[in-house]
Structures are given as structure tokens and as C-alpha cells.
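Naming follows writing order (A, B, C and D), and every chain is counted from residue 1.
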Amino acid sequence: MKTHSGLAEVGVLCGAFVLLWFAPVIADDYALQIAFRVLIYLSLAESWNLLAGSAGLVSLGTSCFVGLGAYVAFGLLNSLDMPLPLVLVCCALAGGALAALVSPALFRLRGLYFTVGTLALAELLRLTMVNVSAFGGASGIFLRQDPPPLPELFHYALVVALIASLSITACARTRVSVILRAVRDDEDAAAQMGVRPYRVKLGAFVLASALCAIAGGVQATKLGAIEPYGMFGLQWSIDVLAMVIIGGVGLRLGPLVGALLVVALGEALADYPEAHIAIAGVILIVLIRFAPRGVVGVVASLSSMMRRRAPA
Amino acid sequence: MRNYKVRLKVGAAVTVASIALGLGGARADEIVIGASIPLSGPLAGFGSFEQWGYKRAVDEVNKAGGISIGGTKQMVKLIIRDDKTDPNATASNTESLISRDKVVAMLGSCTPALVNAGALVAERAKKPIVTACDPLEIFKSVRKWNYAWDLFFSVPELAAAQFKALTDLGVQTNKKVAIWHDNGPDGQAVGGAIWPALAKEFGYEVVQNAEFPVDNTQFTSIIAEAKSKGADVVLGDAITPQAIAIRKQMAAAGYTPKVLNIEKGAEPVQFAEALGKLSDGIMVGGYWDPSFPYPGAADLAKAFESETKLTSSQHIADSYAAAQILLDAIAVAGSTDPEKINAAIAKTDKTYVVGPVKFDAEHTSKLPIVSLQWQSGKTVIVWPKASATGHFLFPMP
Amino acid sequence: MNAIDAPLLEVRGIVKRYGGLVAIDHVDLQLWPGTITGVIGPNGAGKSTLIGLIGGAVPPSEGTIRLDGRDVSRLPASERARAGIGRTYQIPRPFLDMTVEENLEVAQYSIEPFIRASLAREQRAVLLARTGLADVARLPARALPLLRRKRLEIARALALKPRIILLDEVGAGLVDNEITELIALIRSIADPRSAIVIVEHVLRVVRECCERSMVLNFGKKLIEGPTAEIFANDQVAAVYLGTGGVREPAGRGPPTEAAAAQNVVHVMGPAAERRVMSPLIAPTAAEGAGAPLLELEGICAGYGQARVLRGVDLTIGEGQVIAILGANGAGKTTLARVISGAIVPTSGVLRIAGEDVLGQPPHSIARLGIAHCMEGRRIFSTLSVQENLLVAARNADASAAGERLGAVYDLFPVLAERRDHGGTSMSGGQQQMLAIGRALMARPRLIIFDEISLGLAPVIMDKLYEALAVLKQAGMTLIIIEQDVDRALALADHAYVLEHGVFGLSGPPSKIAADPRLRHIYIGTAD
Amino acid sequence: MPEIGIVLSTVVSGVLLGGMLALTALGLSIVLGVMRLVNLAHGDFLVVGAYAGFFFLKFTGVDPLVGLPVIALLLAALAVPLYHFLLAPLSTRGPEAQMMTMFAVSIILENVFVLAFSADTRTIERDYATLPLTFGSMTVPLIYVIGFSIAVALILMVHWLISRSGFGRDLRASSADAQAAEMLGVDVKRVQMLSFALGAACAGVGGTLIGAAFQFGPSSGGAYLLNSLAIVVLGGLGNVLGTLAGGLALGFLQSIGGLVLGDGYRDLVGMALFLLVLAFRPDGFLARARS
């Protein structure tokens, strides 16, 4: 039954993918722009969810890998001008490599410390980029060639999002999921069942980081110009956290709904430029307080309530 | 189970769509232009001046009955978005302005990182964007522009101004100069390359050339070194918070050179307000002052100060001018077709509140440079002598 | 017994030290295929530690563990599980948000990641059928009652296809018929190729499952042999009812303990008691001042699924000393936590001096004069001895606090010596003295002592109970919760025996001690 | 290699600065230690303190250093409702909930600053803030010395409060074993509220010093948050004296970094150090010294 629903989910994802692939044909630029943003955010949120939801690692280091991806992408595009797909693969490798490199340090840190550690890592990379003029210093780097047209970029984002969603499905629907959840819920008991917690966490961290790095690469390619403050900004990490919390931590649809709402909210509030940040803050507080399992959680409990009411 | 998943997907999609569309879309009988500017974050100061300048220009046009497009007068609608001083936001704002609000043309943000991020998007979308607040050389260095137009000062000229001023004003120093500059694009250009070259040219000895990150907060060792090297002239290039930090830490280190010049950071009024009498004698390059002999200069400053109860800044002028240039171009084109507007901008040749504006092949138009000096909370022009509004305070108290 | 030349698992000279405390002291153990071995002993004897050592959760301080001749003593738990050692936890630790079936998958897929799904499903089906969980395979483990969770523990261990199965207190907290089921289950999983170890308080399980048994006491192997003989052995019974300690050579255990022991004040006449203890004794309510100090009526409480208390009534008046006895998991500690407000009962009435305090937070109940000397001492590691004491002196000004300190130091002079040391830097016995002193510092009207003799050397127990006697003399109201029947009964005016969440037996100590049911409840002889 | 006078001046002012930074980190340290909460709004609390000092001077004309107690009380008063209405209800949920709530508070504060006080960069203008103090070839800013003394004094006071006073006992007991503390009659929620308020009060004082010694604007908070985190981790969670030592160490090493690599590398040095300690001595580099 599990595998069935898993296959069904893969089906839904691939179906959505195919449908969206042809979106550029009908959708206007605005829809594409929004969709692109949602897809990038979705990829980031999914990978965060993979870490926190499955492996219990609460990270504030998303920006660190987004930035890394961006710089790797520009470096390769400008110096070697590789084809973009190949570049993005390298971004993934770089992200995974960095994750593997720092994991011995970060995994010594439980809970809180891990979070703080990822935060510091992002800041460290930002400061490095700012100071090392080889990376363009504070002024950053420009993309030599023209970025690909929006529909093409959209397709890249779509692929990244698909990969992210599929890997989440893989981690949530296959036998891997029980292992991951076991480690999250009770590391010692899991070890007693023969699970190797360190390897499991490392795997999740590397995969999530790789995904963030690709997303960063795509985002950067779209921008055409990057600099440390934007690409390594805490903003990325916070946005992602906000999305997952708004959507619903650890829930399959949390990241999607979260990404949609955050982007929608941003667009809606953009017309009140003076106060949009404060409004967003208030909304966030209210959601955290009154929707512990996020919007998806609320909808779920509502619909189950309805279903319970229906027969009566 | 899954059917409510689907319901969710649909629901979410609907929300996003409705919010997006509900607020989007322009009325047929108005001309929509947009601007993404920093209203929050470190550069919010610049943003507020730009917002005022842009809005004023648009309001004036609308008071005068709007712009006639194909014979019918149409009002101009200016949509402003906050980019939180984040280039990613500038880019996405610009995207939305173009694709959602269907703007026909745009006005720029402030500082290279933000302006470039927006301009690149506009360029790709083939929508004209007129900007200020991006030093010309840096603007040019990004790419060959077709739809972006920059109205600002030229870095070499600004850099040269101080040396020229010191020579013309015949100040006596030990000819030892210390150069402190941030590693932002203009900082690197001015402090890293141009000043050292000019120093040689004007017969100064560069005893120190220190670079620091844009958001650096501690300057103690930089200052200590300059002090020990006994530099009489200090040329700095930093944004306002750093400029303030530098001045305070110089005082606290007991170091008072004869001449202190801090480009860009020392320019806004908040610099002097924050430092009080410590700001006296500090020089900064400027490209505008209410005393300029250009149409509307004095009135613009008065209008700003009476409306906002704040002291005016040169940033109201270049943003005001940029907006006027765009609006004039639309009027000349008599159409909302971006291509036509772009062509009209290219033909701009008129004297605005900032002086005569004519774009060169690289889409840039130079603003005249003056040397300003803070004297008891106000800037006075000390160079060129022709346009001087006060006499030069030397050495720095 | 089937003779095989080499043991499946061989534990030699295994030692586990926690700071000064020796939890397991040079224990040897050999497990042969097809055997079921019982490990029994009083609380704190080190039984669970032994399981942890074999299972890999606890790294040994000394000694070796060989599985099929291969030394596994340094391998982490995960590797030992893969090598074929499966264990269960005393308190079941299923992955609560997973279904029962998924709980098994964790083990299956970790040892055989690429096993064919259909094959895995069949194997699970077999396991679930054997452990009687087939009907709840799709339910989240959270939904299972205690017995089912214990079965799940066993099923998970079996899913590792283990050669060694370690069952830690699988019987604890189950009622008779449940235990009967459990015994049937254990017998059914016995397998000629694997060996089973059962650590149990519910001796019936051991008696009915194990050919051989081993008795641990104070971390040492007391005796080993055929289960029947073990149970006939008086010494074992003695150990269980606590008198066993007396036979132990005095002063065994870490020297600090002995030193501490010498330092305990000696029992004086009642008058003296009052004087010394007076700063710690709350003024007794004026005579005939209505309501009794503590009243419980029909208290039911538990943790989620496990209903521990099933309707407890209890009334205690000023100056009374009562003992609450009962086997592991009978609900003694739960009862204590209900009184001090840490657990809110699902139903029932809780009155202190006539005031209904049901649902009040612990800190406000504490302020009504109820002190709780918690199981496991719970000393604040970051506070010094004296600070640990002072934290509890809530309603006292500096001088009053000073007097109380003085009184506590009179009672436990060793604490005075160590007043500036870290609270947890002391030996177990000293920490327990600190815990008692801390409870006294609140100048309470009633103190609950929960398992204060847990894992302590008899000589220390004796001294602690001398101190309690002093308090009794001084007129303090006490609730004593004990495994150690003899000591508790010696002190109490009245005793209650908890059995499956209700008072199965109550009366004056002499009657209780004589009652055959007591021995039954504890050792489960006479069936 | 720069001359000795420079080295001395830089290192000494570095250490003095470190003392002040320790004070800015103190509030974070207390809250982290007691509530296990990374207060993402800590930096903005500092900024509130700075504005408080700024307007205190502007409206009363009294030197903000004199007004420090008032400012501290003000911040504490603001913190109490924050804890009561926003944090306490979330105490039973994971760390993210409280962390994100405080982040939301932080962005709201930043926005409010811009709306209320404009985006201008400001400093609290005092003469002593810009006077040099010269000993032979060594020159250090007078304000650093003042700030350092205040910081050390306050940190020692807080240390006394936490290590000697009854409240401090309750506070340490609650963070060591909240349940046991409850059982002994400690009202843990109240203790947490008070420590949150204490943290805010310290931030108020630290912020005022920052306002006088340096410059601040609506968005200055972020940088100080990270600096404070580094210091707290260096010194060990919730260890007050450790925080002081962490600050001094950071100040010292950053000034060395500034000398050798240039001022731009100060923060980089700080962060690198932070990560190293985090990785190899999660209890802070003082851990052994303490136990």
C-alpha cells in the first residue's frame, strides 16, 4: 500500500512536471516569473524539510549553499563556459562536498548548536567572498554571456524542483523513510535496530545541500549578477524556514503550500512598500501561534472534521 | 487522502493567482511606470530621497494634465516597490513590475549592486530604465546597454576633483596622502586605481592605501597606521555608516589630518547630523546643490524641506531629473511603446535641474562635479571657485 | 541442555563504572544456543546496565564480550545489532509515529537494505503473527497499550534475526494474565540457534521461562544456577526483601560511602530530636483543626496509553509515617508524582489540608508544604551542595534558611564538609543524603521519599533510615515508597501495598509483613 | 610589520572593545542558557537600547550613561509582555517556533525603526565618545575605556546575581533540571520570564554603549547578533564570566587579525574562530577551566 501511494505520488509529480513543462506556451511572463520563484523556493524548502522533517536537523545555513552554488556556477560559466546543465551538476557536487566537509564539525553539535553552526558557516562564507577580491569582493561577479531566456530558466527550475520533490518522495515513501524517521525519533533505539545514525544524517545533509546549491546556481544564472550580501544573505535561510513553518513542518505538502503563500504574500504586500515587512512578521507570528502544523495542518484537520461530520 | 491533497494544490494555486491578478493589471487610460528602490535595509536612506524625487516629477506632470498619448491626455501612474537593499529583491521586483504591472518604462534603484540587478532584468525584457545613483564607469563595465540609461557623475572626475580643488585652493600640506576605501565597485575603482595614479600626477606621496569591506565597523588599525605615517591628507571612500565610524574613530584616536575627504558617505545630511561639530571641514565630492544655476534647483530644495521638514540632499535632484527625463521621453514619443520611448530617451538633450543632460553612446550622461565642505552642519561649495558658495575651511579643525 | 563446545556469547570480567559508582563489577556470563537465561536482582543491582553492556548502548570500562569468539566489546550498538544482538527496552521505546509494521521495517531494512519487498512483507507477517500484533500492523505504535508495546519491542528485536535476544524487564507493569500471555510469547520465540537473556523483576516470568538464572546484587554476581534452586535459595529471598544487605560485609562499596556512613548523626531521644530538627518541622496544625493533611479519593492516572493508577484512596494525618510498597511498575512513583502535582490525574480528588489542589502546578503544591524527594535524586549538577539545599528554602529569610542549613548539616555532617563541592561530585549515598536534606529545607509538612535506597550499599541504607527515624521522632509526616520492604515496614505506622494500580493490601506493618501475599507480590511464589 | 605603538594601541583597544562586545552578548547568553532559545531579535534589542539612549539624551538632556538604569528598566519592561504573550505559549513546542517568533519580532522592530526614526544612521553625540586617551606611544579611545569599565562592572554584577543570589540559584536550577526545580517550589515560567527581561535589560545597556561608541541604524542589529553568538559560544552557553572571557578573546584575536590581515578580516577571523570552537569545544573554550 505504501509503495502504491508512493508510485501514485511519483505519478502526480511527473504529471505535474509534464503539464508545467508546457506552461511557457500559454502562461504570460508574470506567471512564469512567479512560477520560477515558487519553484526555486520549493526546491529549497523541500531540502530543508528533508533535513528537519526527516533527519531532525534544524538548519539556518540554506543561504550558505545557495551562495556557494551561485558562485560556483558563475565561476564555471565565466572561466570555462561549460554548458549550463553540466555547471549545475558541479554546483550539486560542490554543495554536497562542502556539506560532507563540515559535517564532522556540525554533527558534533546537537540541536541548537547545529542550528547556530550552520548560521555561522553561512556568515563565514559571506565574509570570505566579501574579502577575497578573486571572488569579486563586495562588488560581486557579472555573468559574461547573456542568461538564457525565461522559459528555458523556468524549465531548469522545474527540473530542480522535480528532483527535490522526487528525492523527498524517495525519502518519505520508500524503505529509506523508516530509517530516516527512526533516526529522527530516537537515535539510540534506531542504533539498537542496526541503523547507523551518523551515516544517515550525513546522507540527508549532503543531499539537501546539493539541492540548495543547484537552486542557487539557477537563481544566480537568472540574475546575471551576484554579490555576497544578496547570495549569502540570511534572508534565504529565513525565507525557507518561514515557508516550511507556514506550510507545515514535516508535512509532504508543507513546502509547496508554504512556497506558494510566501511568494503570494510577497506580491500582495509589495503594494505597501513602507510596511510590508512588519505585516509579514505579524502574519508569521500569528501562524506560528495558532497553526502549529502550518496551513496544511489546519486544512487537514478541517477536512477530517468535515469528513467526520459528513456521515452524521 | 489524496483528493484533499489535490484540493489543497488547487486552493493554493487559486490564492496565489487571485492575489496576483487581483492586484495586477493597469487601466487602459494611464501610463504605468515603476521603480524598485531601497526603502528598508542599510540603504533605506537613499531610497527615501529617491522616492520623493520620483514622485514629485510624476505629480508635476499629472497636475499639468498628464501626457498626451496619440492625442489623448493620460495620467502617469508610478508604482514603487521596496527591494530591502537586496539585489535578489530588486530583480524580482523589476520582473513583477514588467510582467504583472505592465509598466512601459522604469526608474532605477540606488548603488551599483541594486541598480545593475534591476537594469539587467529591464534590459532582458527590452523595457527602458532611466537611473541615477550608479557611477558611470561601473554602469558601463556591466555590459553594453540598449535599454538602460544612467545619469550620474563620472568616477575619474569625482576622484580628480579633490586633487584639483586642493591645488586650486593652494592649500599647504606635507603632500603625504592616506587612501582608505571600501571594496565595493566604486570604492575599488576610486581608491584602488584612480587616486593613487592622480596622487603621483599631482605630486603627492601615497603613504597608505587600505581597503576594507563595505560593512566594516572597526578602523582602529587603519587609522593608527595613517597617524603614525603622518599623512596630512586623508582620502576616504565609504558609505555613510562607515564614514561616520571613521570620523569618530579618528577623533577617538586623536588623529586630525589637515584635509579629510570621504566620498559618498560624507554626502547625506544624516552624516553631519550624526557627527555634529566633528563634521566641520570634511570634504566630499558633490554633483548638485540648490545654489546651482539650473532651472528649479532652489525651488526643488525648498519644496523638499517644506514638505518633509528634512534637510535636502543631492539625491532628490538626480532622481527628480531621471524621472523628468523619462516622462519627457514618453511625451516626445507620444506613445507607450517601450521601443519608441527608448529612442526618445536616446535623443534627450536638455538642461534639467542637475544641468545639461545628453546621453553618450554608452548610455551615460555626466553630472558636473563640485567639491563640497561641511561647515557647521551645512555643505558649502568650495570648488570650483566659480560656483563657490563659501570659503574653504583649512586646516580641518 | 544441548551440548555445544563454544558458547554463543561470552562475557568475561565486564566492569562498568559511573564516576565513583561501580554499576557492574567483574561479571562473567556465558550464553549457549537454545538457552533462556534469567538475570534477577533488586533494583539498582545493575541488571539493565548489563543489558546495555551486551547490547552496546553502554561502553564497558573493562572486560570483553565475545560473540561467536569475535570480540565485539568496542563496537557501537548499531554494529552489534548487525552482528545479531537484539534487545528490548525496559520502558518500550517504539518509534511512536510509525505504524507497527514500519517499526519492524527499520530493523529489516537496516540489516538488509535490498531485501525483496514481498519477502520482507512475508517475514513481517510471520513476526507479527508470532508476537500477536497482526491485527494492529497498520496502527501507529502510539496507539498501542503497554503490553502491545512490549510485544512490539520483542518483534523489533526478532526482526534483526538475532542470535542473542536481550529482554529487559518485559514483565514490568503488566497484570497477571498479561504476564501469562508474555510467558507464552517468550517460550514461542525460543529457538535452538539463538540464546535469550531475560532481566526481570516479575520473577514468575523467569521461573517459567528460564532453565538457568543468575542473581545480581550491587553489580556483582551473587549466585548462578538452575532457576529452581535459585528460587529456593533463602539468600536470594533475603536479597529481594532487602535484608540481604545485612549479610553483606559492612563497609563494602566505595570508601566515601563508609566515611559518609560514619558521619551520620546517631539517634537521640525524642526531646533532642525536636530541638535539633525544630527549624525543619512545620508547626503542626492546631489540634482538631479539621481536615487531614492529605486526602486522595479514587485517583486514576497514567502516561498516555498506560493506565498506572486505577482508583487509589489514601488519607494521611499530621505526624503519620506510611509506607507504600509494591513491585516494579505497580505505580508507586506515579502515585508520588500525582501527590506533588507533576502528573494531573485523569480522575479523582486530591486535597491538601482540605484544599482541593487537583491540577495545580508542582511549585504551588510544594508551597503548601509537600516536599518530594524524587526517585533518582535529581541533584542540580551546576549547583554546589549548599546551593542545592538553599534552592528548596523557598519561604525562608536568610536567618531561617541558615537555621535550616544548620539542622540539615547536623543530620548529615558529611554535607557540611562538602558544602562547596558540586552537587553531583559526591558518591551516590551522599547525593541521596543531599536529596533528603534538600526536601527538608522547604520545612515541609509532608515529605514523600521515593526509592531513596535505590542502588545504595546496605550500610548506607541503614544510615539513611536512621535519619528518617530521626525525622519521625521529630514528628514529621512521611510517605515512604520502597522496594526494600523490611526497612520500610520497620519505620512505618501503616503500610499500603500497590498491586496493578490499586491498594491490594494495607494495614499495620506487623500484619503486612506477616501476610503471605506480600511475598507473592514480590517474588510470585505460591501460585 | 607596523611599529610597536600601533600594535599596542590596536591590541589594547581590541581587548577593550571585546569587553563592550561581551556586554552586548550577555543578554543573548542568559536567554540561551536558561531558555535554550536563540533570540534572533537580540540584535534589535541592542538597537532599541541605542535609540533609547539617543532619545533619552535628546529629550532629557541628561547623559545617557547616567540614564542607563532607566534604559535597562525600559527594555526589561518591554521584554515581559513579549515573553508572556509570544514565547510562553510556545514553550511546549520545538525550538523553531520560538526562534521564528523572535525573528518575526526582529523584522517588525526593524520596520518600525525605519517608519518611526527614519533610516538615518545616528550616534549618541557625547564629547567623551570621541576623545583619545594617550599613554606614551599608545592611544586608545576614551569611550572604549568607559564602555569597558561599565561592561565589566555590569557583567560582574550579573555574575554575582546569578552565582550568589537566590534568583540566580533558581535560574541555574531551572536550566539544570526544570522539573526537579518545579518540585522544589521554583516557578520555572516566572524564572524564565525574569531572565528574558534581564537579558533585554543588559541588551539595553549594551545598545546605549554601542550608540555612544559607534553608529547605529534600523538594520544594525544583524551584525551584532552574529558577533554576540560568536562570543556566547566561545565562552560557553549561559556562562556569564565565560561570556566576558569570550568577548575579550574575540576582541584580542580580531585586533590581531586586523593588524596582520587588515581591518577587513576582523569579522572573518571572529567567525572562523567561532566555528572552530563550536566544532571542537562545543561547551566553550573555558569548559575545562570551569569544571
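Keep this in mind: a contact is a pair of C-beta atoms (placed from the backbone, for glycine too) under 8 Å apart; a residue touches a chain by one contact, two chains touch by 3 or more.
The shown structure was predicted, so the numbers you read here are calculated from the model rather than taken from an experiment.
Touch-path distance (fewest steps) from subunit B to subunit C is 2. Seen from the C-alpha centroid of subunit D, the farthest chain centroid is that of C.
Subunit A and subunit B have CA centres that are 35 Å apart. Centroids built from CA atoms put subunit D at 32 Å from subunit A. A separation of 46 Å divides the Cα centre of subunit A from that of subunit C. The set of subunit B residues touching two or more other chains comprises 39-40, 183, 213, 215.
Among the residues of subunit C, none is in touch with two or more other chains. In subunit D, the positions touching at least two other chains are 110-111, 264, 267. Pairs of chains meeting the touch criterion: A-B, A-C, A-D, B-D, C-D. Partner subunit A is touched in their complex by these residues of subunit C: 55-57, 76-78, 81-82, 86-87, 89, 93-98, 102, 105-107, 109-111, 113, 117, 156, 159-160.
If you check the complex, the residues on subunit A that touch subunit B are 5, 8, 12, 28-34, 37-38, 127, 130-131, 133, 137-140, 142, 146-147, 150, 219, 222-227, 229-231, 233, 235, 252-253, 256-257, 260-261, 263-268, 270-271, 273-274, 276-277, 296, 299-300, 303. Listed in rising order, the residues of subunit B touching subunit D in the complex are 39-45, 47-48, 85, 183, 210-213, 215-222, 224-225, 227-228, 240-241, 244-245, 248-249, 251-255, 270-271, 273-276, 278, 310. Interface of subunit A with subunit C (complex): residues 3, 175-176, 178-179, 181-182, 185-186, 188-197. Put simply, subunit B touches subunit A in their complex at residues 1-2, 4-5, 7-9, 11-13, 15-16, 19-20, 23-24, 39-40, 79-82, 84, 86-88, 91-93, 95-96, 98-100, 112-113, 116-117, 120, 124-125, 138, 142-143, 182-185, 187-188, 213-215.
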